[in-house]
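Both complexes below contain chain A, partnered by chain B and then by chain C.
Right, the complex of A and B next:
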């Protein structure tokens, strides 16, 4: 599947349309992010398949933000899955990335991964290669909704109690770009306690995921305590979609209802 | 508010425990009415399940 993507990137580099391509490369059996600037390097290009589909994923958009801060005049291409592209759309709207300076190179996720993710749209609009899988409904959210209030509280309390406050979920999040973070604000969530204020800490993060979380699931993958954060944020997205009719990352110009400031 | 209530409900906290009202400082009667009503509602719901667990 990587040949079509390789060709596309090679062409972009040869025609000098981009300064570099942010993707993944395999080296000594490890897959890691890499900025390809020379078409010759592309033989080492990897799409993240390691033991199983999409085993190795990185917040490439987050790296992209840092890269464009260093080189604001240059145009770069970036490897995107469906979720990454939703992220790009939001980051453009939040003015964290410049749409004119980014070329998305889309890949569709294999069925196996789309199902594991319970992904709403496992392929990007800028699809270059890969399958165009269907929508998968979230069983994880439904399972919690089947419990009564008390059981839900017990469930989340137990999950959040394992938190060691490593900030891994926030640090890996491609949509967390704030310079100052509420989670480090002593007056909002007490600092110096482990586990952190339960459930305040995690609900505060959930609230901040409104109109931002693009359901990539990196937070849950990064969590050393296996807290089902993705399920929580999936519910956040569901509320926003059902109550406010806004689907995060699906539109290029419509802003999140929680982020509309009228300038007259 | 709609969002917060739904999120609390998902996390297992009764949504009626959260309420926001817009009352001006000139509307004393309105303020008393809102607070009294909320206190009644909270009494019906019983003690905060989060607090109960901390004490145990």
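Right, the complex of A and C next:
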């Protein structure tokens, strides 16, 4: 556990700069999200490293949206890794969170985790503690791209075939904030059917990840069928980066290609 | 202001997946899979993901109901239990113990299920007991 992060939060709370800190709490060997309002509680603070680095990450930004809807006037701090901070930047742009009311408390991820995630930037700008690791290349996308088109389609169809339509990928996603979801829209994806239409269901979600997915990988971790969703969305991000020059979560000013309305 | 997550077991089936209930100022607002649960390792099925929704559902029964004619009417526990006991006794006497079957639920605890099988075997006198996880 990082004393630097703990001290920073303690100071913010003591000086009344924040109403609470949304982080992780360890209790009886379990790690779970928690809003720390009292500095005394911070002894139970966890950074989401249980048996391995970053193996107990939760969608804190999603919980933050819920919290600020109830308390829009208050300022909160939130624990962020590189991916979470990319999420914050997008959520500010999409007006889901107010930049002036959020204090990011940044931690860097160790090389082992950055490599497993194939992370583009495994540390946040608001880094308080932890390493400032380099970019890890994505071999997973490259491996699938090495297949010819037919084999690739067969690969994905076989993966999607295991889907039990739990909606876990959408539910855990810190960037899925729509009130109405296309995945529950009968006109787009047949509802009330299990397994879901293959590949429509998963490709509909993949398209909706354009300019949204910040590559945190929580979807893949939540999938009971072990579908390599992260690899799919990594490819989506690659296309957006190549075709539109847009990197999701890297700027606070630039809008995503799906969010630009050109008036001629 | 209080926002916390509370670790519990999914009440739907017998797997016992660990889940976290999101509680904002004493109100249940969401569900997350527990990453530290040795049962489900941070995964849930569609039922587990929506646990927080049924807790506050207006369709939940809050009082015992007794069927009178075609309609269900609110009743007291004493009246409802008396009626159930009287009718079960009548049916047992007239048609025998094996004319009665008992269906129990994975939403109950192990102990509640034990009590019900005891009731079926010792009080009613039948082995006709089954469980929703086999339906």
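By definition in this document, the second predicted complex is superposed on the first by the 260 of 264 C-alpha atoms of A that agree within 3 Å, B and C clash if a C-alpha of one lies under 4 Å from a C-alpha of the other, contacts with A are read in each partner's own complex, and residues count from 1 in each chain.
Quick note on the criterion: a contact is a pair of C-beta atoms (placed from the backbone, for glycine too) under 8 Å apart; a residue touches a chain by one contact, two chains touch by 3 or more.
Quantities reported herein were computed from a predicted structural model and do not represent experimental measurements.
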First, second, both or neither for A:250, with chain B first and chain C second: neither
Chain A residues touched - chain C or chain B, whichever exceeds: C
Which superposed partner A:206 touches (first chain B, second chain C, both, neither): first
Which of chain B and chain C A:223 touches, first, second, both or neither: second
Touched partner set for A:31, first chain B, second chain C, both or neither: second
Chain B versus chain C as contact partner of A:236, first or second or both or neither: first
First (chain B), second (chain C), both or neither touched by A:171: second
Touched partner set for A:58, first chain B, second chain C, both or neither: second
Residues on chain A lying within both footprints (that of chain B and that of chain C): none
In the complex with chain A, residue positions of chain B that touch it: 2-4, 6-14, 49-50, 53
Parts of chain A lying in touch with chain B, wherever the complex brings them together: 144-145, 147, 149-157, 199, 203, 206-207, 210, 232, 235-236, 239-240, 243-244, 258
Chain C partner contacts - residues on chain A that touch it in the complex: 19-20, 22, 25, 27, 29-35, 37, 50, 55-59, 63, 66-67, 70-71, 74, 164-168, 171-172, 221-224
Chain A-touching residues of chain C, taken from the complex the two chains share: 1-5, 7, 18, 20, 22, 24-25, 29-30, 32-37, 40, 42-46, 49
